[in-house]
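There are structures below to look over.
Paired with chain B in one complex and with chain C in the other, chain A is shared by the two complexes that follow.
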Partner chain A sequence: MSKATLERGINALKEQIDTPTAAFFSSCVNCGLCAHACLFYTETCDPAKTPIHKLEPMRRLWEQEYTLTGRIRKWLGLGKPITDDELEQWSELAYQNCTLCGRCSMVCPVGNDITYMIRKLREGLSAAGHAPDGLIGATTRAVKLGSPMGVTLKALEAQAKHVKEDSGLDIPFDVEGTEYMVLLSSMEIINYPEYLQAIAKIFDQAKKTWTISSEAFEATNSGIQIGTSDIAAELVQRVVDAAEKLKVQTVISPECGHAYMAIRWEGPNLIGRPFTFRVQHILEVLDELREQGLLQVEGVEDGRLTFHDPCQLVRRGGVIEQPRNLMRLVVDNFVEMKDHGKMNWCCGAGGGVSAIEEAEEVRLKAFNRKKKQLSKLHVDGLVTACANCRIQIEEGLEENDMDMPVIGLTEILANHLVEKETGGGSSA
Partner chain B sequence: MNIEAVLLWIRGPGLGLALGIFLFGMAIKLLEIFLLGRKKNLAAVRSSGVAAGFRTILSRSLPPDGNILRRPRFTFIFGYAFHIGLFVVMFFLAPHIEVSHALLGLSWPALPTPVVDVFTIISIIAMMALLWHRLTSPLLKYLTTPQDYLVWALTFAPLLSGYMAYHHLLLPYTWLLSIHIGSVELLLILFPFTKLTHAFTLFIARWYTGMMAGQKGVQS
Partner chain C sequence: MKNDPSLLEVLRQQGVSRRGFLKFCAATASLMALPPGMAPVIAKALEQAHRPSVIWLSFQECTGCTESLTRSHAPTIEGLIFDAISLDYHHTLQAASGSAAEEARMAAMKANKGEYLLVVDGSIPTADPGYSTIAGISNLEMLREVAADAAAIIAVGTCAAFGGLPHAKPNPTGAVAVSDIITDKPIINVSGCPPIPVVITGVLAHFLTFGTLPKLDHLGRPLAFYGNNIHDRCYRRPFYERGQFAESFDDEGAKKGWCLYKLGCKGPVTYNACATTKWNNGTSFPIESGHGCLGCSEPNFWDLGGFYNALSEPSVNTGNAAAFGLVAGAAVGAASGIMARKEKDNTSHAHQKVTVNDLKRGESQ
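Up next, the complex of A and B:
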């Protein structure tokens, strides 16, 4: 990353200010309602964590540069200039204390999309050199090694070998002209290799062709979390190049909320052109297979289970009904948390928070929100569709001595697949 | 100069001046917002977002989940009471409709005075409650800026003076009317340059939020 200065930060921030931003800042009446929607406020009661307050330097910049009164005040020497110290201070609020979960944007009475602006503020903060070290490290690894966690192709190939040994199924690499190209998150490769096996089984049953690109298999995009659009664009471009080279019809985003947001919604805007292929989340694909009768399952789970919506998938991504359709397929006793779907509460670790070491304490505090939701529900287990949420929830539950299994939805479905004459290859 | 002359000025040139500044200021404000522009969304959308945008414009006027008693209760209850009350007084008090008729040639049926009175009192009480809340809640104390108090006062003054004038309380009528109209003019003059603009810009804000979410398939 080129050298970061206050001036660069301010310029980057100015570039981010657009019509919606100006309408949002013009409309805020400091009612404080957004605070009550934010888990970082509700679990700490620290007023500094009010969503709109996380934007104060950006609001002042907008006022000083893009409003008549602000410019007059600045011209008279009455405006308070934005300082480097201030940005440093706000870095903590905008990165460690915000998961970009989008809940505040759903409740603001004047209709402000606060999350949209916090994402923008990060562009300025990172250009000014105030991004947290954890995210800088992840981003550097993503650019250099192709994975924010430094997971190499070798590691993935090793997992593919395990799948082969376990199930007899091949993991196809670099096959041209397939229907699907599958992306994975590093966290999944390392912590939940079951996912890879699950999709191999499901596609085998559904007789769908798919592949993984050895050049671009990482789905997450640290460039977006840190707020550096050119790096984010570079990471998206790798996936686009691979998908176009392999001439696939659909790119599948894995069980990760952020990755979906990154490639599905931000991707084309980052590279500046629409994609020539479709992007779907794995749950969208599975729900389509279910509709087409290509997802044959048998048996149901015995326990009482709930589903945790990954924010970027549901509220910021629009995948709302699919997980519910899929849950009902294999879970008899499926119960919802009181706030679910587009009003779900975040797990506390999204938007890059899990990659920031200094955020550990507040991250676990923020988890208390999920803990409260879960203890009211008396469930035997939790299902989700994001490796990052899953790690956070597992850690949070352990921290709070709550014993409950957490699993991925794709994996559960794969466990219930009807085992009949699979189109060959399943006899190890 | 006697008070009659003052009132005459306030009702004539004063009002024209205030309205002029208001309109000019709002035009600038809207230009400031729209000239910034916005990048076109290149992602494959699930819908144009137009319907969702309009729905959000309406739905954010209603309490989330249709529950007016939701937390934080204080803000919701008094927030609604104040805005509804103010709306009724502004648009359904007979003399206000006469002003509209004189200025724009537009008129509509008024509500009976006792009904408007009830709404005025509700609005006044709600505003005082909201002010008290702002002064005491740790969250709101932290967020509040001097401008929040300014816009409170700018809104409260016409409400109170109007009520007093209508009922001939405390001061001579001419005085009260002058204060009332004068305070409305002050409100108009400062409106475009303070967060009072939210009364208009919130439609733009809701529209963008609703439209952007709608394109992703979420009704915000």
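Up next, the complex of A and C:
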């Protein structure tokens, strides 16, 4: 209908300011602790990157529109209106310099969920037309082509064919009434097709029924990253429709942090009703299989390995113990980074940052935090559970001449599966 | 004096570790509101300092100040520092008596001319010198004689600092403070009835470290200790803010530890460090024991209108004004809440669905 305007942006921001937001803004004591929790601050020492400061236009709008003194000031002509220039400036802080990793929210002494508010600020910025081009492109492709990277069903089918050739296993498409419906991220389809083969092998061993929907195989939700709930809801609705059409019990979010957060936590709120199916991250599923004795592995990895926690899994999703249980199955020499689990440092590329071309420099700078963590550990390799983290870490390591393999946890488990026929029959 | 052991040596002999000593220096630095970097400076100065000669004169007093400073609690570094000074004359503590004692005073004054510290407790009677004499010498005469060659004077206790109890109406002895008589020497008033022991060791440490007296307030008291009033530092302050007062010493409020303002607490007008440093090795202070502050470190505290009278009683009926204020405040709050909600509703109505075609600015805006 209409194009993005400042008015639309400001209206969207005003709409986003809710009771928690008002409580958070009024209880901020300007202590600055969030700065030291943010890798964009610690790696640049630029005070503008203090998380709470990234919310300044929204804070001012709250003050002007929703507080008595602010309204009086505005009425007396003393309030400073929000301008386009300002939003443009803050777009850089809120999109390029924030991965929505949630670490700032963890340290806030008064309990302010800063990440929650930056997500809201993005609503206003995107409605005002100040979202970065990279994210607009990804979102447009996600809506129009079904994948932010423009990966089509054809490309996925080609990968499925490769899996069949490699392992002899069929990738089931559009099978009704299965236990699981598997979602994939474009990054996995293109860069890490091993994941697809890994789950095929694991489910084959566990004798679980599963399928992929040809109508909604994409898990990543660019609508969340760009911060437009209307679009995010549309993308969630596609998955919900497909899952309900196929009458599956559980939808599995792939090795991707934001995809999980989008479908698991934001999803039902976005579409305004509870799902009729469960949503689990692949690591939660694998740990359940392990508990039920359905994940039979043999042998261990040779080297000293560590695990990088994807922010959205640990801080927003509480998936902390599962990867550790799984790591210990196949890794003898498993070491933890100093800050791990719910306080792990972000890789530096989540929350849409990896889709923004202009953010490349700051993204690699932010990686220094992970580099420092890794160089202290002297590990032979790193395991993670997010394709986006994985690609950022691989790129960062290469940039810093650090030679170290990065591998997905699902894949490493699949490599250690007890081979068919040797364990005493798999007739069914 | 050169053969005297240094302070550190004295402390060592008494079993104080270097770590304990440095801790004392750091605590002194922070008590005196000096930057943390000053702690080592204090340590160095105290290590090398030779025992300063101190002459202590007691005039119209009750010996409570001496008791407070020497017997307040088991040996602490504050106590030991106090022991470590060369207390050449103190008629409560010294062993000598009669003319031997007076000779010791004269000898100390002669040997340390211009360098000794004079500590005074008690006020000085001016109506008739006969009210208080020592060895046949009037207090006034002795003070003038000893003060003449002192480096500085520390007036310990409210009597020496402001006249205290002897000065209370009708003041039959014509009692005055040290500062009313001596005007040409630096005087530091460590007021209180009695004063807090750590204040005097802090002042001594400052004098030994910097050779000067610490910063003083308008009444000549060290700002570091007398800079805040009891009320501002009182742990019962939140009850005052909430209007929760004990009305008698045995009511519910008193049992619950509410504010003692209405029972005559003088905390709001009394400047001292009781609420922070506390008494008896940090055990408590009067308010913590359930009694209001008497205001003992302030001049004329005996004549402030009775220990159990509240500082001020409101003269008009505040009930209606408070009720009106409450209603008006609630109304303003509710109105502003309604306005905010209405604004929020408007934004929801004004929401236009955002599609991917709306993410960019139009070319021809």
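In the analysis below, the second predicted complex is superposed on the first by the 419 of 428 C-alpha atoms of A that agree within 3 Å, B and C clash if a C-alpha of one lies under 4 Å from a C-alpha of the other, contacts with A are read in each partner's own complex, and residues count from 1 in each chain.
The rule is short, and it goes like this: contacts are C-beta pairs under 8 Å (C-beta built on N, C-alpha and C of every residue); 3 or more make two chains touch, one makes a residue touch a chain.
These numbers come from a predicted model, not from an experiment.
**Student:** Once chain A from each complex is brought into register, does chain C clash with chain B or fit beside it?
**Tutor:** On the shared chain A, the partners clash.
**Student:** In the superposed arrangement, does chain B or chain C reach more residues of chain A?
**Tutor:** The partner that reaches more residues of chain A in the superposed model: B.
**Student:** Go through the superposed model and pick first if A:R60 touches only chain B, second if only chain C, both, or neither.
**Tutor:** In the superposition, A:R60 contacts neither chain B nor chain C.
**Student:** First (chain B), second (chain C), both or neither: which does A:K208 touch?
**Tutor:** A:K208 sits against neither chain B nor chain C.
**Student:** Under the stated touch criterion, which partner chain does A:K372 make contact with: chain B (first), chain C (second), both, or neither?
**Tutor:** neither
**Student:** With both complexes overlaid on chain A, does A:R324 touch chain B (first), chain C (second), both or neither?
**Tutor:** The answer is neither, since A:R324 touches no partner chain.
**Student:** Quick one: classify A:G129 as touching chain B (first), chain C (second), both or neither.
**Tutor:** Only chain C; A:G129 stays clear of chain B.
**Student:** In the overlay, answer first, second, both or neither for which of chain B and chain C A:F24 touches.
**Tutor:** The first partner, chain B, only.
**Student:** For A:R73, select first, second, both or neither according to whether it touches chain B, chain C, the two together, or no partner.
**Tutor:** It touches nothing on chain B or chain C.
**Student:** Which of the two partners, first being chain B and second being chain C, lies in contact with A:K3: first, second, both, or neither?
**Tutor:** Once the two structures are laid over each other on A, A:K3 reaches chain C alone.
**Student:** Kindly classify A:R278 by the partners it touches after superposition: chain B alone (first), chain C alone (second), both, or neither?
**Tutor:** Touch status of A:R278: first partner only.
**Student:** Given 40-48, 58-66, 76-84 or 94-102, which part of chain B has C-alpha atoms clashing with chain C after the fit on chain A?
**Tutor:** The segment of chain B occupying space taken by chain C is 94-102.
**Student:** Report, in rising order, the residues of chain A that make contact with chain B in one complex and with chain C in the other.
**Tutor:** Residues 17, 66-68 of chain A touch both chain B and chain C.
**Student:** Under the stated contact criterion, what part of chain B meets chain A in this complex?
**Tutor:** Spelled out, the residues of chain B in touch with chain A are 28-29, 32-34, 36-39, 41-44, 46, 56-57, 60, 64, 71-72, 75, 79, 137-145, 148, 193, 195, 197-198, 201-202, 204-210, 212-213, 216-220.
**Student:** Can you list the chain C residues touching chain A in their complex?
**Tutor:** My answer: residues 332, 336, 339-340, 343-344, 347-348, 350-362, 365.
**Student:** So in the complex, which bits of chain A are touching chain B?
**Tutor:** Interface residues on chain A, with respect to chain B: 17-24, 26-33, 35-36, 41, 45, 47-48, 50, 52-53, 66-69, 105-113, 116, 264-269, 272-275, 278-279, 314-320, 342.
**Student:** Would you pull the chain A residues touching chain C in the complex into a rising list?
**Tutor:** Residue list for chain A touching chain C: 1-5, 8, 11-12, 14-15, 17, 65-68, 71, 126-127, 129, 131, 136, 139-140, 143-144, 226, 228, 230-231.
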